[in-house]
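One structure is given below, represented as structure tokens, and several questions about it will come after.
Note that the chains are named A, B, C and D in the order they appear, and that numbering of residues resets to 1 at the start of each chain.
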Amino acid sequence: MTGSGPVAGATAEVVEVTGTGPIGPYTLLRVAAGGIEPGIPGQFFMLHPPGHVLPRPMSLCRVDGGELCFLIDAIGPGTRTLCALKAGERLHVLGPLGNGFDLDVPHPLIVGGGIGIAPFPYVAQVLGGGPAILGFRSAHHAEAAALLPGAEVALDPVLVTSLLPAEPMDVLACGPEPMLEAVRARAPQAQLAWEAPMACGYGACYGCVVEVDGRLQRLCVAGPVLRAA
Amino acid sequence: MTGSGPVAGATAEVVEVTGTGPIGPYTLLRVAAGGIEPGIPGQFFMLHPPGHVLPRPMSLCRVDGGELCFLIDAIGPGTRTLCALKAGERLHVLGPLGNGFDLDVPHPLIVGGGIGIAPFPYVAQVLGGGPAILGFRSAHHAEAAALLPGAEVALDPVLVTSLLPAEPMDVLACGPEPMLEAVRARAPQAQLAWEAPMACGYGACYGCVVEVDGRLQRLCVAGPVLRAA
Amino acid sequence: MSVSLLNGSGCLDALTAPGVAAQLDAFVTKTITPEPREGNPPVRIVETEAGMLNSIGLQGPGIDAFLTETLPRLAAQHLRVWVSVGGFSSSDYAGICERLEERDDVDVVELNLSCPNVDEAPESAAEIVAACRERTKARLYAKLSPANSDIAESARAVVAAGADGLTLVNTLRGMALDPATLKPRLARAFGGYSGPALKPVALACVLACARAVDVPIVGLGGVQSGQDALELIAAGASVVSLGTILFTDPAAPGRIRDELKCEATARGYGDPLEVRGVANG
Amino acid sequence: MSVSLLNGSGCLDALTAPGVAAQLDAFVTKTITPEPREGNPPVRIVETEAGMLNSIGLQGPGIDAFLTETLPRLAAQHLRVWVSVGGFSSSDYAGICERLEERDDVDVVELNLSCPNVDEAPESAAEIVAACRERTKARLYAKLSPANSDIAESARAVVAAGADGLTLVNTLRGMALDPATLKPRLARAFGGYSGPALKPVALACVLACARAVDVPIVGLGGVQSGQDALELIAAGASVVSLGTILFTDPAAPGRIRDELKCEATARGYGDPLEVRGVANG
């Protein structure tokens, strides 16, 4: 769970923006990496939707020969602008930021819910595979599981936590807050990737605070990956 | 010099936006007329550059089978946005507005300076030709004279007023303020098309006032075409 | 009775654009002053990134010509008329109120207590309201400026002084420079800042005042869509006014009335007015 | 000496982003209060059309921990430090000023007289400045709110009370609603409105104050480019601060310093500072 370094920004060119075909309602935004380091899985980047005042935090989803790929759920104005980018357009990218997953663990188990799948293709790239459990709201959403071949998939109302194995594993989890809370209750050693609205992503604004150890701390500096207990 | 009617707006589709080729530094924006009336030459339309707060006043330059054409000089953010529109994009068009030229005159003579040529191709369409004198800053700008075949052209430092014939004519003039003042001095019966920054174009904002008969009057309602004396 | 849509004072002339005024539930006049005014010299308007600046400076015919010429013509258009009143002292305001008192063709008197383009009256907003209240039984709305460190306190003061309603908000003071010369673009340098940029400020003022006083609130500031109008209602307005949007879209009143209805229905409300105050609490 | 570039208070943490702070001519701390503060509950930030709202609520360590922990670490980074001071009464402000008086590693004390996210001190800005002036010989800058019906008058009052400079402007109060639920997006409903939408307001405040008083002015509000910075200087600022832009572009100080130089040169000025006051007159 390390990774903090100097705050590095770059303007990157969009290589391709895929439609909703094989990955459910999500969009894969692929940008030319240029000199941008991919960082540690679980770290994030601030992507600036052109015309917006603030950038948006996004996990790095996958690294493909010179490209950084982001999996985006278009839920509001900023993500809609990002998903509407066209090949050849440019956007400002800041990162990698924050603290990623500690992958130096004996029995890694990926647990993702919905768009929480985003950081795991890159995790799997670095780990060279490994078991994964993914939960989705619908079969349409579950198409995104194609990004993580071999993953076990739970569809609502089945919860991912009901698929957690009995033996203790080193859970790496990302997903909606109720899922992370449920995982935390089951696996106190889990590493959980949280979300919070962020303005800067590098500790400047104090906008992204969450309660950690009884104090309001900046998630972008203390996280986004935190130990469950 | 009539034309006021109900304030009619419509969303129109861009047919084509020509480059700077044969018309100097200007751009010809062609939009599908749909149900929009072309109005009387010298009347104007408010074109709304997408993303801007206010529309911009533009003379109708030419009517080509189902298309309204505007000749635009990209001098600031609004005109730049209009000139950057692409075929198929849509913009809001309001008009025709204001009072145009009274073309029911015995000896019409068109006098235009720079982008002040804009209303005259439509004037010539309605008149079926007629003499014209145009002044331009440079040979490059003067390429726009192609829009008014047969026009006599003066290049800086020659002034259009120096080409005015000795016999009295019914001058219809549009151009920069110093040119209009010079024309006014020479031809008290001239009809002059003035400019002023406008927010609404239909009398709502009182932003476009100019001094007419010693009082500040709204150019969009009292003009833009005014008698010289 | 549903949400009424008006125009912001100074953003529509019903006499030159009767078709636009006819879409409104009531027409608000440009601010009327005791004497005729030429207003400020041009340039009077300039666009900014998400708004515009105006420095019209209350150009108008003065109360005499307004009563003899303008008001009868408005009445002939069968418009409900709100008269916006301005001045340079509380007796200016009160004097106009007294003149309007004789008329039964005036629905509401809106006191413009906050024009950023003219020197302000030296009295406080509440003093002006109190002076007017003494001279008229008409419904009095106080139009407040958002350039106020505690607008809720001002709202309490004007209501205590007799205001029957509030109009929130007028423009903020702003300036724009010519990018090349770095000189002010407006002849008078300063102008009133309106349009989309004002919306978050208007929403905050409406909610703060709705919590502080129990009178009807006319919400305005940056409304461009039915969604924007609905948000002002959720913050506490029961009437919505359209200003800058009328300049790009004179069909806005009809469009926004339709959108407002759709937005309310989409959220399960029978009428937009049911949304009133939803943001509070 | 050319134009100095600073950060707006609360828009940068030099300890987590030393590389950003190193681009600045001086670093302005987040506002320090007498006691440690947790700040407001999240959600604390939301984007609007041409700006953002924040309701951080002065989260910070309090003056004791600031002096023992933060300030020495800032000094180790060789930063010139401006300390922003806040409180809930003039004695809060004056008490912090007195504590800072002992330190020679503080360049300027900036009095935040205008945070829209906490209850205000009941005293006027000038009373607070006067109380601080009694307790410190440090350079005192008064940071004023644009939510003021006559900012030039406030400027005169704080300068008369002993302020050595002005910082213009702090945020306006704004609100944003969730489009679906119509509830406030910020946990505390109201937030400080910053970013491009604030620029015309900041320009007007700087020009109005530059005409009223003869002290250095730090201009801030919506600066995104060298052009924006140059406009604030033309209006009367001699120092420019960067706030919201730092969130999208942490390289902004270097970029804007370069752009500022180019923009000035393109207009025939040897140095951006020569532009100071060009908009006035």
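By our rule, a residue touches a chain if its C-beta (ideal position, glycine included) is under 8 Å from a C-beta of that chain, and two chains touch if they have at least 3 such contacts.
Keep in mind that what you see is a predicted model, and the values were worked out from it rather than measured.
Path length between subunit A and subunit B in the touching-chain graph (shortest route): 3. Subunit D has its Cα centroid 34 Å from the Cα centroid of subunit A. A separation of 47 Å divides the Cα centre of subunit A from that of subunit C. Here the CA centre of subunit C is 32 Å from the CA centre of subunit D.
Under the contact definition stated at the top, not a single residue of subunit A touches 2 or more other chains. Among all residues of subunit C, those that touch two or more other chains are 48, 50-51, 196. The touch graph of the protein chains shown is a line.
The list of touching chain pairs reads A-D, B-C, C-D. Of all residues in subunit D, those touching subunit A in their complex are 10-13, 15-17, 19-20, 30, 38-39, 42-48, 50-52, 54, 56, 59, 195-196, 244, 246-251. If you check the complex, the residues on subunit D that touch subunit C are 48-51, 53, 114, 120, 145-150, 172-177, 179-180, 182-184, 189-190, 193, 196-197, 199-201, 203-204, 207-208, 227, 230-231, 234-235, 267, 275, 278-279.
Those residues of subunit A lying in contact with subunit D across their complex are 4, 6-7, 9, 46, 48, 52-55, 77-78, 92, 94, 196-210, 215-216, 218, 221.
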